[in-house]
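In what follows, chain A forms one complex with chain B and a second complex with chain C.
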Partner chain A sequence: MTRTWADMAAFESFLDDGGIVEVDDHMPDEYRQAVFAFIEMHANSELMGGLTERDWIPRTPGLRHKMSVLAKTQDEIGHGHLLYMVAADMQIKTREEMLEDLFAGKSRFHNVFHYQAVTWGDQVAIAFLVDAAALASQQAVFKNCSYGPYRRILKRIISEEGFHMRLGEDRMMRIAQGTDTQKEIFQGALDRWFWPALQLFGPDSKPDDVLLRWHIKSERNEVLRDKWVQKFVPMLQSYGFTVPAPDLSYDEEAGKWDVGPIDWEPLKRTLAQGGPDSARRINEAKDNWERTRWVRDAMDRAATVPA
Partner chain B sequence: MHTYEIFLKKDGRDEYRHAGALDAATDDLAMVMARESYIRRAEGDRLWLVRRDHVIVADPDLIAPNADKPHRHHDGSAVAARRKAMRNEGASS
Partner chain C sequence: MIGLELAVHAAIASVDDPEYPGVSIVDLGLLERLDVTDAGDVRVGLIPTFSGCPALAMIRDDVLEAVDAVDGVGEVEVEWLRSPVWTVDRIGPETRALIGREFTVAVRIGTGAPECPRCGAPTTEESMFGPSRCRSVNRCTACAETVEVMRS
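Up next, the complex of A and B:
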């Protein structure tokens, strides 16, 4: 019931021909490890993002927005469920092991969840800028992803992330048409979130990036990052906000924006769990897992109770 | 704890499709979790859950020979050629 390949060259030629790998195939171990690590980081990021979103349910202004934050929280946690299942099926770590590693600070999640959201403006900036960056990355994976179970689950995730991005734009437009104080709050948030959102795409892809070679990613990091810059710089400016890039320039001839040199140190710090809010976030996620243990225990006990 | 495979169908227009999987302690809990994880926005109006250990998986060797049965297919080209030939004969007589 499984497919096998004679060697890596045969496997890569299968992938180059558009082949889709399924969970019960004898995929090369390097491929299994690389795809697993990628999905695990995605799953962790959904969980960490969902917990942040949850923190904002009581603090979100207005019932309409509050309800949309509820829906978004459920989406993010739901994406975590779907992705941990796909990752666990690769039989490298169980779901429990993945969560233990996350809470022990041993595994990665996206840089943007290593910062604290201080004001409602931050939540607007996250939904508008960060969700768009995450969606662009996910779309570039979905487009040509060689690992079937991940590709199929991404389809569902992407459609829901689109909802989050539209919410973000809606909130941003409202705040842009608001009072001077509201505009100041959003500008402050923009100053905090513009660079982390841009850094989400990562540094330029290396020529030997296996994720590109094995058709997990279909686009280079720098290409996705540049598309995001070309879309969001003029959009933010058109709403009257200042892009916090001192070296920002516009090339008339190429018709393109350039944000200037990018400092990658903040990204590296977050990947080593050394971001401004990493420790608190990880501890909070761990505490949450402990606080909700009784729910999981009750569900497990349901299996042993006679009907 | 069991793993359940989830199948969804919408509006009678398509077949049941595999949507994903989840772990749950009982069938009832699996049903609730399937609704919350997979059908929050009316992605389907019919839902099947199948325990993964109940799925019977075919060996590819059993299925593979069916790719090699030309007598089970007819692309119509031979008929078209004959029809064309008959038409030409009719026109020339």
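Up next, the complex of A and C:
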């Protein structure tokens, strides 16, 4: 059943009443564009994240971690697959166009995938800090998301990201209880990943943020970021690591940690594909897509041959 | 000992699949064997949906913890069995309905097209590969929903 709304005010009041928009509804163009851009960035991030994870399949310390890296890779690529389907259904860009734009550096993916993971310690920091930040953001979208197809996919993605969090905690516990060298490796990774993970939430939400107004997101960026800080700063310290924030302070009265001023320049650079590892990663993803074309062709041909 | 066995069974049933919060591993058909001796020693035999499933260590730890917490339990052993092989037939109708409703995930039973959990129409396979080895990605022919299908 296709629904239509007289004007934006009627549509917004439908959303404010908790209305859920479905793919064949006549939604306002601005809404369609905003939801599409959001899902496209999520899809791109799953694909880029999956490729990062994949890089570590041959290099994990031990079989236990190899299984978790394999599983995470399949999860992320699978999530990307589902999200590209949902995004393409919005009929703004086809999946091919989205991928072309990604490989041409014309569309965005999360800041954390513009950096290089140098050691296994980086993978632990990513699984522990970045996955937690991504999960918190996704949960805040899922809680109240007005676009039905995305909300239903998010429910499954969040369950699986919750599983990744547990794998991240497992990796973290192992390295935190490890040798001095292992702890040094993790501290080095923490120094590299603390700020990018924190910046994943983005700068403070603007008062007129349409993502909030149209119930695509349900929490302000600064609220989510603060929750993350309050959880991870004491946790990292309890494991004996140093939080790389020179102006870190604790407000006794409020019972809260403050990381001090945040430099948003690195985030802006990554969004313009100017991060430390952006160019290599985008080229890698493009090459990978070309190299695996024959597999997709073979699958397509197999599907057209009668059994 | 029947009382203890029931309590242990309930403890195992309280363990959810790590990728489906709210869905018990017992309802997914993972519990194959449960032996409780007169002394209260427990042996649990589980079977994996897929042998390379990355959640095996986690599920085993969760079962160990749940069973250990039961009053009167002695030694606990949890092992992954190599047979029988898990199939989707081990998922009961209520659990199928639950994961359809909660996660928009269908279960492939028999050779017919899996039904869309949202509208009941047949789905067609979009990709053999989903986010997990035990799932493919389908699309509903009526409401166009993106559906994952559990298979064995």
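Here is the rule we use: the second predicted complex is superposed on the first by the 302 of 307 C-alpha atoms of A that agree within 3 Å, B and C clash if a C-alpha of one lies under 4 Å from a C-alpha of the other, contacts with A are read in each partner's own complex, and residues count from 1 in each chain.
We take it that contacts are C-beta pairs under 8 Å (C-beta built on N, C-alpha and C of every residue); 3 or more make two chains touch, one makes a residue touch a chain.
Everything numeric here is computed off the predicted structure, so don't read it as measured data.
When both complexes are overlaid on chain A, chain B and chain C end up clashing with each other. By the touch criterion defined above, A:Arg3 lies against chain B but remains apart from chain C after alignment on the C-alpha atoms of chain A.
In the superposed pair of complexes, A:Arg95 makes contact with chain B only, with no contact to chain C.
Of the two partner chains placed around the shared chain by superposition, neither chain B nor chain C is touched by A:Leu212. Set against each other, chain B and chain C touch different numbers of residues in chain A, with C touching more.
Looking at the shared chain after the overlay, A:Ala37 reaches neither chain B nor chain C. When the two complexes are overlaid on their common chain A, residue A:Met235 makes contact with neither chain B nor chain C.
Look at A:Gly162: by the touch rule set out above, it reaches chain C but stays clear of chain B. Looking at the shared chain after the overlay, A:Ile20 reaches neither chain B nor chain C. By the touch criterion defined above, A:Asp300 lies against chain B but remains apart from chain C after alignment on the C-alpha atoms of chain A. Contacts of A:Ser68 after superposition on the shared chain: chain C is touched, whereas chain B is not.
Residues 24, 71, 74-75, 78, 81-82, 85-86, 89, 152-153, 156, 160, 299 of chain A lie in contact with chain B in one complex and with chain C in the other. Chain contact summary for the complex, chain B toward chain A: residues 1, 18-26, 28-29, 33, 36-38, 40-41, 43, 57-60. On the side of chain C, the complex with chain A involves touching residues 18-21, 52-55, 57-58, 102-105, 126-133, 135, 137, 139, 144-146, 148. Only residues 1, 3, 24, 71, 74-75, 78, 81-82, 85-86, 89, 95, 152-153, 156, 160, 299-303 of chain A touch chain B when the two sit together in their complex.
Looking at the complex, you find that chain A touches chain C at residues 23-24, 64, 67-68, 70-71, 74-79, 81-82, 85-86, 89, 149, 152-153, 155-157, 159-160, 162-163, 166-167, 170, 299.
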